[in-house]
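What follows is a pair of complexes built around chain A, which joins chain B in one and chain C in the other.
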Partner chain A sequence: MVAPINLQLEFGGGAELLFDGVKKHHVTLPSQSDPWDIKHLLVWIKDNLLKERSELFIQGDTVRPGILVLVNDADWELMGELDYKLQDQDNIVFISTLHGG
Partner chain B sequence: MPINCSSCETQRAVLRRPKTGHSVCKECFFRAFEEEIHHTIVSAQLFQPGEKVGIGASGGKDSTVLAHVLKVLNERYNYGLELILVSVDEGISGYRDDSLETVKRNQQQYELPLKIVSYQELYGWTMDQIVKQVGLKNNCTFCGVFRRQALDRGAMMLGVNKICTGHNADDIAETVLMNFLRGDIARLRRCTAITTGSEGAIPRCKPLKYAYEKEIVLYAYFKKLDYFSTECIYSPNAYRGHARAFLKDLEALRPSAIMDIIHSGENLSVKEDVKMPVQGTCTRCGYISSQGLCKACVLLEGLNRGLPKLGIGKHHKLHHKLLAQEPLSEAETRKLKSIDF
Partner chain C sequence: MKCKEASAVLIIRVGDAFCRSCFKEYFVHKFRAMLGKNRVVFPGEKVLLAYSGGPSSNAMVQQVQEGLSRDAPKKLRFIPGILFIDEGAVCNQSWEDRERTMSEIENILKATSFPFHILSLEQLFTLPQTMLQMNLAEIPKRDGSYKQAVGSFLGQQKAQAEDGVSDAADRLTQIHIADNSSVECSQSAAFSRPAAEHTAALRDMFNSAKTLTAKQELLHLLRNHLILHVARTHGYSKVMSGESCTRLAVRLLSNISLGRGAFLPLDTGFSDNRYGDVVIVRPMRDYSLKEISFYNRLFNVPSVFIPALDTKASGNSSIQHLSESFITKLQADFPSTVSTVYRTSEKLHVSRTDTTQPKNQQDKCLLCMCTLDTHTGPASAFFATQKSQQLSEKKSLKNVPSAKDSEKQCCNGGQCCKESASCTNSVTGTQDIVHLLCYSCRVTIKDLNSMDKLPSYILKEAEHRTRRMEMRKEIEEFLLDDHSEDI
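Up next is the complex of A and B:
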């Protein structure tokens, strides 16, 4: 079993509109048998934070193309994307590029 | 697993560039992003020293990054440009407030002059007044046409030599796709041009033409630029939305897809014997138009005469009457008066 971990999630660029307009969320992921990765986190977000229109955020088992993900201020493409193993106190940012400019 | 920057090899990389696949640190990214835009400006000879350049500013990510980068480059390379932010206030209560506030903050942050031109000032009608006349179902026709012209008309009022807009590589690739899907050869041929004179009297250019949306958003994020994002409440263009989603799916599989589509658009050659629509100008306002009256003038005429349907359907036959200020027949009036909801 892994201990529960605390994360700061941030939604921006219009993605916050899917989360009642709230940009910053402090969340605790419960203890589970496998270490948490981003793939699991997305499922957790869908079940716990996303109220509606989840297809605008999640597509298949990943984020909708056009949503950027940063892990501690670095592009998740450098961090293993869905397989990145979350650490306690990580800061994960989701920025939509799909909204009006 | 932190990766080092492939450029300076000392700092931690913060992003993988979609264009090149390189992993770069913040500082190297800023420099490369700005230098590539400088390269675009120089190689396409977008500006001449001493020009007054209007930046179409919506408060959104693209125009905010454009204003910031142009300001930086104008100083770094002595372009000698007089930059001015130009914003359009459609007069939709509650809708533009936040984005206009963002533009006003940008004005102070970048120390650039700002002019907000209102629909009231340009057309004599606010969007809210138009919606009252035509109903919610038809207002998109109006806001699309009016918005397209507003920037030109505002820029003309300010006496600028050129207008820059924040269209990025993703936008242009999307437009190429859309025009291809619609079979619109004339637009397909024009839409990749970095400078166009055809959209109005004032040349327009797109310095971010080769900048990926991902990089624009990350540039704004890492520079902590202040921008505003919203869903365009009045134009949920489903067709465009699908084209965008398709493009993003392609990009996820292969990031170069965006640039490849732009290059396809640029390299399309249209056979000599393909008939192109003749471009003329509106006899009333001088804006580019293939008809005697441009779409905006037809819509305005309809509003001012209490015939809001004018300009929504195909009513070209009535244009000469409008031009001659002739009265319409009763049957013509009836057809145009009612708006179905």
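Up next is the complex of A and C:
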């Protein structure tokens, strides 16, 4: 079992519209048997934070194409993308680059 | 990794990782290089920054600020102003929401210390008819090369410095800029609420468009008219538009689907001279949205999200939106998609449709102002489409006047419509506007339920051009007769 972890999630570029227009969220991921990675985080977001139209944020098991992901202000492509193991107090940012957000 | 010192923060192309400070240097250099390479913005020239509030235009404004504050010789030397157009009515936003957005925008623009203009799209209903006419007489004459222009500008500055007036002149410019902005934002707010009937008329017009594709295209066309109008009335000879290569790749694909293939070099190129007197330049076209979004995030460049027509729309709701989904999906699997499409656009050039040559008003599309692509031979696809459309219209609308010669054939072939205003085919009927449009704008306009909803500057200019064409036809006939007698 891993201990619960606290994260700051940020949504921008219009992605916040799917979260009641709220840009910053402080969340606590519950304790579970495997360590939390971004793949699991996306499932958790879909079940707990997304207010509508989940296909506009998540497609398949990853983020919708056109949404950038930053882990502590660095490109998630440098951090292993979906497999990045989340640490307590991490800051994860999702920025939509799509025209309508 | 360029440097081996700091840790990487982003990957731009495969194997191309940047640390924070190398990325900043790369980003800033790219802007200057783009302007330096193309050499179309002259020192001392007034340049209007078309600002949407989004990430690219904020990055563009930031780069202009950065460039103007630099020391010579890397300093940018043009005189910027900023234009924001509020499109809230089109997206059915309440006035309160629009007001909130505009004050947010206003705060960002105030901080730039550049003069700025905040307008609502409703202003379209106050534009003069002459708006759509070419201002050929006012094209600023640029003698000699860019190099000479820079040289003479520096020479002037040097001479002023030697006379000790440089300081004074500098201070004068500053006063001028401050003065400008105080005139433009003389009211308590820099923007004012448009007349209710104009808001209603704008909504009516967009509601009369049957498809989201037509709505988006119409918004793009009309927004450009307003930008051009502000540029002309305030003496800006260049407009900087902040499209990233990501947006331009999407536009390239969607414009092909919209029938704007002939205009790709103008619609997506670095500089666009379709208007003659005001030239559009796109200095952000070398940046991907990923680069821009990272830059803004890492260096605290603000941006305002404003809902658009395609916000929360499903993937296939419009040609433009579908093209975007297609490109971004491809890009996710094949990271060179955007740059490949974008590099294609760089290789395109205007050939026959050279817009730099002064032409007849009639040769330009009434709406997008590109040189008409409809003068094609009887064997062209355009002609075939038109023919089959005419035939099918005849079939389905047996008692309604046919497409051509509406004046003669309506009301059972009588001349009545000249006298009676009750005739449905008024001067501003679809057909009379359609023949003034390029192929793509024809398709857009045919998606509107009613032409009468268009702003009056368009309808009046359409009437004017139609009359001119009829007159010209009459004269042509006369001249031809005369000519044949001579032989």
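Criterion: the second predicted complex is superposed on the first by the 99 of 101 C-alpha atoms of A that agree within 3 Å, B and C clash if a C-alpha of one lies under 4 Å from a C-alpha of the other, contacts with A are read in each partner's own complex, and residues count from 1 in each chain.
Rule of thumb we're sticking to: a contact is a pair of C-beta atoms (placed from the backbone, for glycine too) under 8 Å apart; a residue touches a chain by one contact, two chains touch by 3 or more.
The structure presented is a predicted model; accordingly, all values stated were derived computationally and were not measured.
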Clash or fit: how do chain B and chain C relate after the overlay on chain A?
clash
For A:34, is the partner it touches chain B (first), chain C (second), both, or none of the two (neither)?
neither
Quick check for you: in the superposed arrangement, does A:56 touch first (chain B), second (chain C), both or neither?
second
Identify the partner contact of A:47: answer first if only chain B is touched, second if only chain C is, both if each is, neither if none is.
neither
If you stack the two complexes on chain A, which partner ends up touching A:77: first (chain B), second (chain C), both, or neither?
both
So, does A:98 touch the first partner chain B, the second partner chain C, both, or neither?
both
Could you look at A:20 and tell me whether it touches chain B, chain C, both or neither (first, second, both, neither)?
neither
Under the contact rule defined above, give the chain A residues that sit at the interface with chain B and also at the interface with chain C.
12-14, 17, 65-66, 68, 70, 73-75, 77-78, 93, 95, 97-101
Of all residues in chain A, which touch chain C in the complex?
12-14, 16-17, 53, 56, 65-66, 68, 70, 73-75, 77-78, 93, 95, 97-101
Give every residue of chain A touching chain B within the complex, in rising order.
12-14, 17, 64-66, 68, 70, 73-75, 77-80, 93, 95-101
Can you name the residues of chain C that touch chain A in the complex?
7-11, 17, 55, 246-247, 250, 289-290, 293-294, 297-298, 303, 305, 307-313, 320-321, 324-325, 328-329, 331-332
Per the touch rule, the chain B residues reaching chain A in their complex are 1-3, 12-16, 23, 58, 60-64, 166, 168, 170, 213-214, 216-218, 221-222, 227, 229-232, 244-245, 248-249, 251-252
